[in-house]
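Two complexes come next, and they have one chain in common, chain A, joined by chain B in the first and chain C in the second.
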Partner chain A sequence: MHTTHSDNPITKERRDRFLARQSVIEMRARERARAILDPGSFRELLGPFDRLESPWLPLQGIVPESDDGVIVARGLLAGKPAVIMAIEGAFQGGGMGEVSASKIAAALALARGDCERGKPILPVLLLETGGVRLQEANLGEAAVAEIHAEIVALRPLVPVIGVITGMIGCFGGMSIAAGLCSYLVMFRQARLELNGPEVIEQEAGIDELNASDKHLIWGLLGGEQRYETSFADALIEDDVTELRQVIQAQAARGVPARHRSEQVEEYRRRLASIDPADPPDSLALRRIWPKGEMP
Partner chain B sequence: MNTITPLSNRGRTWFQALADNAQPVNTGLGSVLVADATWRGERVRLLAIVPDPQNRFPRARHGELGLDEGWAIAHHVREAIDADRSGARRPILAIVDVQSQAYGRLEALLGIHMSLAAAADAYATARMAGHPVVALIVGTALSGGLLAHGDQAHRLLALDDPKVVVHAMRKQSAARITRRTVAELDELGKTVIPMSYDVQQFAKLGLLHELITGIDADAPSTAQVAEVKERVAAAIADIRKHPGDLTSRLNNPEARVHRAASIEVRRRLAEQWNA
Partner chain C sequence: METMNFEYDARGPLTRRAHVGVVGSGDLEVLIEPSDKPTAQVRVRTSVKGYTQVWKAVLDRFFGRFERAAKVEINDFGATPGTVTLRLEQAAEEVRS
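On to the complex of A and B.
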């Protein structure tokens, strides 16, 4: 979990741990799902040989992929049933099309069916996406709305775990999905925001936000900032073992009494304390909206 | 920087027309209108987002769904859920004319994604708690605006009007992100139906319960207001007969044509789930 570097000198133990790390960010979505699940337990559903492709991309001269950029895999995590829904950021920026978003919505619905029948299964979302795939605009958005509906319906039965690894991050309609999860895990390299920086710059002008100012962007939307201001529940290093452990630790917390998106009055009080004419900067916000206060 | 189009009055027009002089609920915000109308003796909670030039968040002054707006919707939808817990569940009507979400640095910092998540959550929770939830699209329904304020309804209705636009992103931004020109986007929308900005094309996708024709969306007559109210009431009655989740958007003739892939994914994933 998160540690502050200043009070942690580089010891041999820390260096060895660093060198032993296995990067998640460098993996594709399928490898990520395989690495999270117990060895030998990975079973992909609607894999590439099922050839369920986007019907809309070829109409626009874009080559589709036979998994449409989402991996759904069942297996075990520490011996217990789990389903990983992993978005492939390398295909269309992880944009959610009709097929890819429907795969996630359908997997969440099937997980709910299992939980209702007394067969608990842990749902884990790996959110690596720019949001709705604009080449399939309204059908992507419709299926993303179905993902929202399914998360809200499933999470009273089992905690829904969201993970944002980076380097793309989680934007658009899928940032709403992240906000609906029971628990959210972020990597330091990850970003979380409704609006992509490019869109803010386009809509509001470069004076509002310079999308190429990486330092500013990560200060606003980066994993550490989101964790420090209680928009994420855990901040971890880019390591498979640590990710497996933190998913188990979050799942062990059980279904929260009230999910983050149900804490309406708390967030309204927080927001009421902000003066938009004299807004806090990123560091000031960490002081006034500290982590751990919610949920 | 985008040019600001004139503020749309449609949300307010339809809110007032359908509220029947009901006393508005005090939301503390000029941008969020809430009232409990009485339709044939039954309370119906109406919610609308409208432009507020005095909005304390400058990026949310033109009818956008901003930080305050999302949390306020969540509050007022949940207020109805809590009040009706042991009685008749009042229908909830989202009147939709939303200029997408508010785009800004402060919105990013303060987590506008959570504000929209809270609104979507509240509507979904109301739907699952037995409130018939209807969204009536009378103007623009862009992007996160619709995801938070409308998409979680049991039924979506829209007025058939050239200024009714349903889309994932405003044209200029969609062009930048997909590296296309606005003209190219318009051309693509004619053949690739989900990309169209035209509500008649949108209606072919099977997502709409009804496209209501012959209504002056800017200045409806008394008869037209009565007609729209009738259509919403019919949708509410239909929900009570066939409640459930969002699957009505898949189980209809249009969806079987244009959402065939969505249906196929569900069918085959279910086959493989326990295989």
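On to the complex of A and C.
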């Protein structure tokens, strides 16, 4: 995995490609949705002027956002209908509240209705979230559970594409949503895990996990590691053109014969191959759980 | 959180609406839309308490020039006065374009 300058000389072609890149990470959620959809096709559902904001945050002295941090946009992707559900990581760390999570669940339900009526639409989730918003507790949890149920109901009809761009990553209940997706695309900068490293350090101590050790953390749950151990289906650079292409490529694979979350026995076998008392490092794990191993 | 309301005289109507920004650290969102009343009514919700005079100074200056009948909502998460002015200018540019 380690490359040197002599392996990869900076040719003019590589330099031009690098300079032509348009960062997705630097975009806000609405810009991301707009950039993924074909120009001029972006149509937002429940936008800022519908003022479906969180009723719970102001009661706790927290400024709400007019879209509650989730952008639902319908439009076309390479000429075909698509719905983008993008979480705004800058607002409350992308935390899912009752309203924001319900917007995603409802968008998935609408997509299912369309697919059942013979009008296929491609659902794409842009996951940038620490999980449930603690201020909304059980209401957020319940709405995130609805997202899970809707993904499971929709995915036999159309592949559900999940994308984790970073820099926040995808944690908590929404990491389960990522695991339920038909195909998962990750950026190198992204992280995917049920419990965030800071939470593990806080609960189990720094001996268990040093959350500020970036090399260690990305070696455990970064995009490259998740891809190399087949928890993600594609690993791409931070570029909107590449993201548009990879979403289309994943969608073209169709509905998988068995979804990742249905491969319970395979994952049990994988876990059994690890000795928790002597855990492998990230490179050793790539050898034990190789990419492409899971069907 | 602190909520403030301001009202400014307007000379002309607004025909479009605009939304800019995000309620993220050091940033704010601005929603601006036409109003039936002949004034600009501004509601500010901010996470930082005790800066009413600073808000008044920033908004006085902007709406002294803007002069459109509008309903304006600002949701702020600790933006500096400079950022607030830039976001207001951005919103004004969008409703004019």
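We take it that the second predicted complex is superposed on the first by the 286 of 295 C-alpha atoms of A that agree within 3 Å, B and C clash if a C-alpha of one lies under 4 Å from a C-alpha of the other, contacts with A are read in each partner's own complex, and residues count from 1 in each chain.
Just so we're on the same page, a contact is a pair of C-beta atoms (placed from the backbone, for glycine too) under 8 Å apart; a residue touches a chain by one contact, two chains touch by 3 or more.
The structure displayed is predicted, hence computed values, not measured ones.
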### Query
Looking at the overlay, does A:61 come into contact with chain B only (first), chain C only (second), both, or neither?
second
### Task
Using the superposition on chain A described above, determine whether A:252 touches chain B (first), chain C (second), both, or neither.
neither
### Task
Tell me which partner A:107 touches in the superposition: chain B (first), chain C (second), both or neither.
first
### Query
Who does A:282 touch here: chain B (first), chain C (second), both, or neither?
first
### Message
Going by the contact rule set out at the top, does A:90 touch chain B (first), chain C (second), both, or neither?
### Response
second
### Message
If we overlay the two complexes on their shared chain A, which of chain B and chain C does A:49 touch? Say first, second, both or neither.
### Response
second
### Which superposed partner A:20 touches (first chain B, second chain C, both, neither)
neither
### Task
Return first, second, both or neither, reflecting whether A:28 touches chain B, chain C, both chains, or no partner chain.
second
### Task
Specify the partner with more touching residues on chain A, choosing between chain B and chain C.
B
### Residues of chain A that touch chain C when the two form their complex
28, 47-49, 58, 61-66, 69, 88, 90-91
### chain B partner contacts - residues on chain A that touch it in the complex
45-46, 50, 52, 54-56, 59-60, 72, 74, 98-99, 102-103, 106-107, 109-110, 130-132, 134-146, 148-149, 152-153, 172-173, 175-180, 192-196, 198-200, 202-205, 208-209, 220-221, 226, 229, 231, 259-262, 264-265, 267-268, 271, 274, 276-277, 279-282, 285
### Summary
Touching chain A in the complex, chain B uses residues 1-2, 56-59, 67-68, 71-72, 74-75, 78, 101, 103-118, 120-122, 124-125, 127-128, 143-144, 146-148, 151-152, 166-170, 172-174, 176-178, 188, 191-192, 194-196, 202, 205, 207, 245-246, 249, 258-262, 264-266, 268-270, 272-273
### chain A-facing residues of chain C, complex
1, 17, 19, 22-25, 27, 29, 31, 33, 45-47, 73, 75-77
